[in-house]
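Report on one structure; see the data block that follows.
Lettered A, B, C and D in written order, each chain numbered from 1.
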Amino acid sequence: MNNFEPLIAVFSCHYCSYAAADLAGSSRIQYPPNTRIIKVPCTGRISVNHILRALECGADGVYVAGCLEGTCHFVSGNFKAKQRVQSAKSLLGEINIEPERVQMYFMSAAEGSKFANVAKEMTETIKELGPSPLKGTNTQ
Amino acid sequence: METELRTGVFICHCGINISGVLDIEDLCEYARTLPGVVTVQANLFTCAETGTSEIKAAVKEHDLNRVVVAACTPRTHEPIFRASCQEAGINPYFFEMVNIREHCSWVHRHDKEGAQAKARDLIRMGVAKALFLEPLETFRSKVEPKALVIGAGIAGMTSALAIANQGFEVILLEKEVEMGGLLRHLHKVAPSDMTAAELIGEKIAAIEKDKRIQCFTSAALEEVTGYVGNYAVRFSCGDESYSDKVGVIIVATGGASLKPVDLYNYDGEHVITQSELEIKLKDGNIGAKSIVMVQCVGARIPERNYCSRICCMVGIKNSLHIKEIVKDAKIFVLFRDIQAYGVENEALFFKAKEAGVRFIRYSLESPPVVEDGKVKIYHAGMGKEISLPADLVVLSTPIVAHDDAESISRILKVPIDEHKFFLEAHAKLSPLDFATSGIYLCGNAHYPATVREATYQALGAASRASIVLSHDTVERVGTVAAVKEELCSSCFACVKVCPYQVPHMNERGKAEIEPMQCQGCGICVAECPAEAIKFAYVSDEQITAACEALYAA
Amino acid sequence: MSIQDLIEKTKVSFCQDCGVCTGSCPVSRVLPGFSPQQMVAKYVLSSDLGMEDEVLGEQDVWSCLTCALCLQRCPSKVEYLEFVRGVREEAFRAGNKITHAHDGILQTITQMQTSGLPQNRTAWAREAGTIKEEGEYYLFVGCVPYFDVLFKDMGVSPLGSASDMLKILNKFGIEPVVSDEERCCGHDMLWSGNVDLFKELALHNVELIKRLGCKKVIFGCPEGYLTFKEYYPLYCTDMGLDAVHFYDLVYDQIQEGTFQLSPLEQKVTYHDPCRLGRMAGMYDSPREIIASIPGIKFVEMERNREEAVCCGISCWANCSSYSKQIQMDRIKEAEATGADTLITACPKCNIHFSCALSSAEMGLEVKDLTQLMASAMGI
Amino acid sequence: MNKEVLVIGGGIAGIQACLDLADQGMTVYLVERLPSIGGKMAQLDKTFPTNDCSICIMGPKLFEVERHPNTQLLTYTEVEEVSGEAGNFTVKVRKKPRYVEEDKCTACGLCADKCPVAVPDQFNMGMSTRKAIYKYFPQGIPSVYTIDDSACRIFKGKKCNICAKICEAKAVNYEQKETVFELNVGAIIVATGFEVFDPSDIKPYGYRTIPDVITAMEFERLLNASGPTGGHLERPSSLKIKAEIRQLEKQIKKAKTRLKSLEKKSEESGDETRKALEEMNERLPVLQAKGASLEELRDIAFVQCVGSRDLRYNAHCCSYGCMHSVKEAVVATEHGSELQSTIFLTDMRAYGKGFHQYCLRGASEYGIQFVRGRVAEIGVGDDGRPAVWCEDMDTRKVEERPFDLVVLATACVPSKGIENLSSMIGFDLDENGFVKTDPNKPANTSVKGIFVCGCAEGPMDIPSSVSMASAAASMAVQTVKAL
């Protein structure tokens, strides 16, 4: 499946990872075009269901990108997100979908290169795993 | 909202920034096929007056009630377009922005096909989300006409005085036992040639005289909560603990000069730092005739790959001061690049050369070697290694961030960069602001700065802060969570999860959220099991819509 | 003067080690390893460490053409020429001597002049025109008589220009004093570090000219002119003598329109001698003179006026492959203008270019400006 | 005492000062002598070290100035006279006529389309043309057109008025007169910025005599999407050839049609035209070949310290030249990845936040070559390209290196008007001609109530100008409030 181009949903927080993505842009750091950012004020806004819905709606992978641990603009939102990502992973395991399709990352507003690397890394991981088994099965 | 949804999509060429990679025509064609879209236009620069007036015109002509702009980042441009919407007579929050520049054309230059597909998807998602946008109302709250300035070095003291002079109260915190910061240890400052003692003396006197400024030394910041115009701060002074309310906060925590442990045989006696030399200069006793200064000690190296900006001028200034004390002193300054930028620095550089101070360039690959009584260095003019007599070696070490930078950044929830300097909102146009409104920075806390630079940054930060203080209220758009009481199951989930302890149980035993305090993170919204918390700014419907639009089968 | 003082005086410590001097130096471009900047750095450091002697023995100080192009371009306004002159004095004292071209004949001649022996400097002048025993104007002949002897076979006639000059002066009604007792101006000695001999010659000449009751000293040779104007005063207090360049006199006459010029159908270009141009600041008079000749078409070389390059040799030293290279580049540049004649205003430039041309196939002729003038005046 | 403040100069410094004051509730007059605010920053393509597109980040601020209820924007206006003292200055200003009613013009641009007169566009450093009726630059504020009366036919007494006819908004008004009026303010902020040093003074660099030797600011426009080449990186000589080719093709077309008509009425012979046509047909391919050879741009040289750190011109360092060139090299490489940039420098002055890393990235990711050594002279190489003579201070080699394009990092010199302004208001200038300040009160001039910020005070980069602008604003407020 080497010609398979995964579709990856990214939940980015306004203050850190979205800014990091902007910085990657203004620094012209190149990375694969497989990611689609959905901007939220804080990763703590993201519920387990949002993650699952993204997969159900055709994403081959989903990751949540929040502020560095300890520097969340909203104190603890990224920790909350971490927990929720964790439970999303376990749930997926239950219904026999690779938990690796869902990840949590932390980065600061100053880390444009990290944003790009994460995008690369995630794209490769999902390429390994192949298309989401849910692809096309969604009834929307 | 029974009215028919009529969306206008505006796609920006941004010169060639976007159109250089993406096929704008194709995007327009595509956008026209999306649900609810009644008009699509491309602009060379949507943000230019011409662009925004095209938006306004389109709103009228096509009777739009939703506007989607696909251009650059909302972090810089959303305000303009929201304003345009407002001017066009629709709620500014019926606006959605799609980032096809920073997140697409700029980062996928080598994969135009992939970039094009991504841009289509992003626009589709934006348009889908737009259908669920809701109007937001604006709240207002009182401003505490008082500032907290953290750090009483030259920057902090200058800020405090400026704010006081602009007619507001100031709390000035200094962790040391006395005010003055790094300057306390300096001899004279360039280029004014004033003694550091005089300079800070003046400021300290002014501060002590000024009734509007409360100064606390040996103080430590402990907790900060609240929001712009209305921060609750807790700090300790000695073993006393204080709480107060302020409208704004200025971070002027300064920096420290690096101790060159294990570098160039540093021993604090024959091999010393510039700061240690300053003390000798104060005493007027150098105790050496042949002095060698080494620049970039621990700076511009892989482990610390930044230039500390001021060390070259410190070296030059001090070599001149040495010459004042020891007329016939032989001074060699070993440098990599002399950072004598601007008018006065370059002039001082020439002055030092005139005074007979010698400058020898070395490269990162072949740094000088400090030995007992001499310094060995490769000399390009001689084409060989030479050894310079040195009864005193002075190491110019960089300014580094204070150890407590991290804890302060945590307390204030503002970012620091890889070198632990505080990270401003924007490198070019918001050098003194943090992304968090109501908090500002200046001086070495931001990046190494000369006294002159620290001073104007401090005045600048004071100006930024006074913008908030000079108003009785701050406006707060309703990007906040609100409890739908009829749905609340009083489970306390929101109360437990909120990082700001905003939600509380009201007299009816239902959760309630004070809009002025709500920071709009949405953590509680995601946590509430009863779906009882409404978050109009980023509603579940919007997120779901975006998710559903992710994939076009 | 000690190297240390020299460094202070000439501000070489202002050097920004930017390398503009070396990048500009005509020698550095053809002689690998020669670098004015490096020389400065070297001398500064060695004097700081009291190791002058080590460097004073080195040859590179003699490779410099003292053409002043680096001086022209130095962003730190380092007085490089004075620095080199000073270093040369020290080197000379330390027994490090300049290598002479033409196996040192000309230096020997100069040396010999200091002994009191009477010369025959005026014979040619009496044939060429009218001269006086005493009077306001003194015509400083300089070395041209010897050049004539040495370089006749090259088709140049420096003395020819001298007599043309005298004839022209007579036309202007100037009958200058020329003296057998005149000695070499000392320029070459000055730039070879032999300052004692220079002083001796300078004092002799000044004393002589004063004795003859002259007030103005006319020069046809840039070196003599510059030396007399700029360097004699350093050693002779209250000279009370004005150095006048022949071309300035001619230019004045042209402006007054006192004489007729017959047309010359030639396309010419002009080479600024370092001594006359960059060092004495005379760029216009020669050009005006050329322009005043009817029929003549004047074209500039790419590098002209302040930017002109040296003819490759100074004070008869180091005539070597690199000087030849510099000369060839320069005459190629002249040829590129499409001119048929390369006008020079210095007997030495004239000789060096003629020498270079003799070994090159070029439709280019070198001519001395005075001789050009003369033919236009029908002399 | 008067709560209003005057800001002189609508560059980034003036704009920031103006906005800070306005946001603090002060009434601010912003005076700009050009038809639009924006200053030098508006001419830049990108900014270091973030590579932000300059006008993109500046645009919002231009808007804010115009939209802010507390600001009054006076463009195309100059200060004539200043009297009074801190707290109460009377300022006489002269507003030049645009001959276009600002409130009527919709900036549709139809007038410029139809205007028959083209003149060099100074915003594009004269590398392209604009019409006699023009907008200073696309994102310019106020967004209105202006008639350049030094170019317009009407003001040369010729017949025209095309623009007046075409304008649906009826905004064109040739009768508009200049207006002189007085402002009463409590404090004044001088933000008049700087000029770019004219390198034609430096003969060995051959600027204006050697083709494809340009200034950094000219290069900035060549890189820019709204610049003379629409952002397509090309050397001036190539642009010139292209123009010649277009010209020649026109002439050939003319000749052909002429020939046809001659052949019709056979008696009169078309030999001359035929000959001319043949000659042109021969010349065309030659030009085209030459044009093609100039098409691609492979290597660029950046020459640092042009007129800076040079006791003969400006002793001072321009503060931003090193970073500016690294940025231009980086951006140029983004235009064509095959491109090789070489920067000839004395000291690499990358002293700001993130600057050093930016240079390292420039070398590692964009292959920028840094040569330590100041350029001695620029000549024309054997292949007709500009050739740079320089001693490489590391290898100690003196080399002549040809390049497709040579960019001169020119010095930052005081703005032309500053002397006049200083004598008008009475504040001192330093020996370099910048506004003199007290190092410990950086925004204060020698006159009470008069403050300075940005490059009027001395060379500085954008963040410094912005910080200092806020500082000046603070000082202005303090002064006014103290009274």
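Here is the rule we use: a contact is a pair of C-beta atoms (placed from the backbone, for glycine too) under 8 Å apart; a residue touches a chain by one contact, two chains touch by 3 or more.
Because the structure is predicted, anything quoted here is derived from the model rather than measured.
The minimal number of chain-to-chain contact steps leading from chain A to chain C is 2. The greater number of contacting C-beta pairs, out of the two interfaces A-D and A-B, is seen for A-B.
The most distant chain from chain A, with centres taken as the mean of CA atoms, is C.
With centres set at the average Cα position, the gap from chain A to chain D is 43 Å. Chain centres here are Cα averages; for chain A and chain B they lie 26 Å apart. Separating the CA-averaged centres of chain B and chain C is a span of 64 Å. Chain geometry summary: the mean Cα position of chain C and that of chain D are 47 Å apart. Of all residues in chain C, those that touch two or more other chains are 14, 17, 37-38. Contact with two or more other chains is made by residues 26, 28 of chain A. Annotation for chain B: residues 109, 350, 380, 383 touch two or more other chains. Judged by the touch criterion defined above, the protein chains form a pattern that is neither an open path, a ring nor a star, and not fully connected either. Contact between chains, as defined at the top, is found for A-B, A-D, B-C, B-D, C-D. Residues 5, 7, 9, 14-16, 18-19, 21-22, 24-26, 28-42, 44-47, 50, 53-54, 57-59, 67, 70-77, 80, 84, 108-110, 116, 135-136, 140 of chain A are the ones that touch chain B when the two sit in their complex. Of all residues in chain C, only 14, 16-25, 28-29, 33, 35, 37-38, 73, 75-77, 302, 306-307 touch chain D in the complex they form. Those residues of chain A that touch chain D in the shared complex are 23, 26-28. Across the complex, chain D is touched by residues 13-17, 20, 44-45, 47-50, 52-53, 72, 76-77, 79-80, 83, 109, 162, 165-167, 189-192, 194, 199, 300, 305-307, 309, 337-347, 350, 363, 380, 383, 421, 426-432, 442, 446-447, 451-453, 455-464, 466-467, 470-471 of chain B.
Those residues of chain D that touch chain C in the complex are listed here as 203-204, 305, 309-312, 346, 372-377, 379-380, 389-393, 396, 398, 400.
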